[in-house]
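Submitted below is the structure of interest, expressed as structure tokens.
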């Protein structure tokens, strides 16, 4: 039996979604002419400003598209479900948002994305657009920071890059700030039930009816431990402990929090998780500067959640607090 | 086998959720002292302004709590899952947000809510607070407008009330405008898979593995037809046809659109739906003034979606466009 | 002898009964409503039991029922909250000033409760609500009053059960199930089902 | 005689093969990756087939492979896109200017393709990627070149299959499965599995 989805043809799901996105958000988003999978901010790119291009596979909405807008990303290249976009739409975004000050590519650390964005960067260089790249590597399910996957932490790294660029900082500066933001971003996920791709409509992994998997990736890649479903507090403790082990926070430090649904875990559960996250932060004497709870980086209809902590100095806090106005997100 | 949820004790889910909500949104929300299930806007209630009190059962987040804030609702009484709050927390909200110009109760039309809010209104009258009530009755699954359930259309009726009150209009005026907004709001839902209550953790209805139900209520109340799952376009057409039949729109009229997830239907599917909604509106020569797509009125983790159309004259459009800043929603 | 202590025990007995039947009530509500009726009733009578247990010796029967009413309402809300809170408050008012209840008092209390539910919910017989259990029970108790408390309450309990059973053949026109129309046919109303349990628990506790 | 028309047919034959095996490839990818490898490969070779079918008579073998490369890449992205696009472009470059391909040309093309994948992805043998099918295939073809095209390509196909099989005993250290460490053991790499299918389809189409 196929999984249930409200779609037409699975192969057309991404393009039809995009049509719906453009119809809903004409004040924020437009397509690059002749490149239907390249979306740029109506208000954002401007002469002298570093252009921020994000992108990746579809199925993580509102990541990446939803973060395009004034004060955040200028352009987004849209891939197939769970598949990096090819170089062409990335290049078209880079051209469309280039204000002469260079372009920063920001995306999650996956082999496919790296290959495609790197190819696009080479092509952009041939068009005399200077491109730098900062990968988001926030998923502490992997030990080695440089090899970590990019998951919900894109929220903070994109926000930092978008703010820095909006402040008309140089490409060097924007890159430096985004690297710092990424260094200070730590995520951990838990999955309770699989998603399924529009084309296969088959659960993309199996999990027992009473099981959960800690550390599962946002494409259903296996995580770090699988076990019986525990209570919210136990789950959060396990996740937060793993984050703290990598982050090594000290009393008095300031953090921002993101409790994110992987798709079908509702706000009630996320807020119950946030209650415990806050208790743990308070217990350590950390100052919670801001909290977001909701669907920010999903995995189609996967059940589960992720917790991201973002440690801030004064500069990163300034980036986080700077107003932005995107298709599916607003802050400041 | 119990359904999977990230919770602790099912009986504590609502209070723990509220703790998490208050922890996340200190700039927008605070509890009324001594009344933990009464939440009011930090910035909003003020002398001379009509107070807007909303509320209902939990499990529909971000409805109702998420719409508390400047320019929208001033207070929210929080019930158990799918259960109206009792009169006491409603009364405490009314007292807390009363600015001397009267209070408007806005909530969905359910027997339980009506009884509890009416009791609270009687008690408020004894405290010399003038209370009026406008029920949201947007679900066209019921023929008789006055008997219709209130579902995602609360979004538009609350927005209208919040804006009118924020403009310091009189209680008479605010009531008139909200009644007009409700008269012009039409919703239709479709369910693909059930939710389950935190206490029972049992699916609250059954639906075959290839079935959908059009018109199902946001608490899993039976709808109007059950059948095989169709394509997105066919589903949207069925829903929009039913809405048009009640709304009887004319060429050139202006509408706002809300495509809402019941919980676990992801943005990709909602935007695919929105694409078709827009086609249908364009075909009729209607002008789409604004569109929202996402989780606005959920039903725990139910799979499915609803479509709401809101027809506007100049006054209603002014209400919709007026800025507001809430815990889980911002506009304008 | 029915005094405040017996009424406290009665509230406790209702709470225990509902607790046992909670899942069945949720399942009934799942078919034509929102699947929470068992939860609402168990939270309500559980809170009522805890509250009346906390009362000291000086509490009279009226105080017991008023305390139960208030705690039920505040724990529950929903439809059941106002309906049962009103029932209990009206029951309390009907026995005001009495330290011990005679058969007539208990029957009057039961009738006041039924009347309270009807005043609050405005439902008529045949609309597929708890009224279809409560009203027949109240009438039956009145008719059997001359046969003593045990017979009066047995008659009430039987009538309540028959009334609940009869809701299967009714089309809902009040409450959440109202919009189902014909689709509500064939299913027992959860509120009527729990009403029959409540009344039987009252009978058992007050006469055994 | 292997000319542009044969290469077009080859692309079509690969596309058909992958289309048939799509679900199996998605299932393999589901275990250690993101369950989309069959989709990516079928979209890619499907687009490549459509594009090369659209070429007119004047297209030479290089043009066929370059066209396949570009359309594959634009239809897919993902990991497979750059890897196969690079393979096809390198294959195209290796036969530049030739209207017909001799055995040495086909083997050189196969080797250029493998080299292209390695240059693009930077994977070494034993890292549990498609390289573990492509490199052995390219070597085997080289070693068997003196025995003629059919034997050379049979040797390549057998080596690719053996290589794919061998990935079961490897711990991933490239691509999406890299973070699984030991948990990737026991499962065949989907990219290696599809590589074996691609190479067998090339063999069949170029020699049958």
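Should a chain be cited, it is by its letter among A, B, C and D, assigned in written order, with residues numbered from 1 in that chain.
By definition in this document, contacts are C-beta pairs under 8 Å (C-beta built on N, C-alpha and C of every residue); 3 or more make two chains touch, one makes a residue touch a chain.
Predicted model, so just to flag it, every value in this text is computed and none were measured.
Separation of chain C from chain D in touch steps, taking the shortest path, is 3.
With every chain reduced to the mean of its CA atoms, the largest distance from chain A is reached by C.
Between the Cα centres of chain A and chain B there is a gap of 28 Å. Per-chain Cα centroids separate chain B from chain D by 53 Å.
Centres computed as Cα averages put chain A at a distance of 32 Å from chain D.
Counting partners per residue, chain B has 81 as the residues that reach two or more other chains.
In chain D, no residue reaches two or more other chains under the touch definition.
Viewed as a network of touching protein chains, the structure reduces to a simple linear path.
Chain pairs recorded as touching, per the definition above, are A-B, A-D, B-C. For chain D in complex with chain A, the touching residues are 23, 26-27, 30-36, 38-40, 43, 73-83, 120-121, 174-180, 183. Within the complex formed with chain B, the residues of chain A that make contact are 1-2, 4-8, 13-14, 16-21, 23-25, 58-59, 61-62, 66, 81, 190, 192-193, 198, 209-210, 212, 229, 231-233, 235, 257, 259, 263-276, 278, 288, 291-295, 298, 300-301, 303, 305, 328, 330.
Of all the residues in chain B, the ones that touch chain C in their complex are 11, 57, 79-88, 110-112, 115-116, 119, 141-142, 147, 149, 197, 199-200, 202, 204-205, 217, 219-222.
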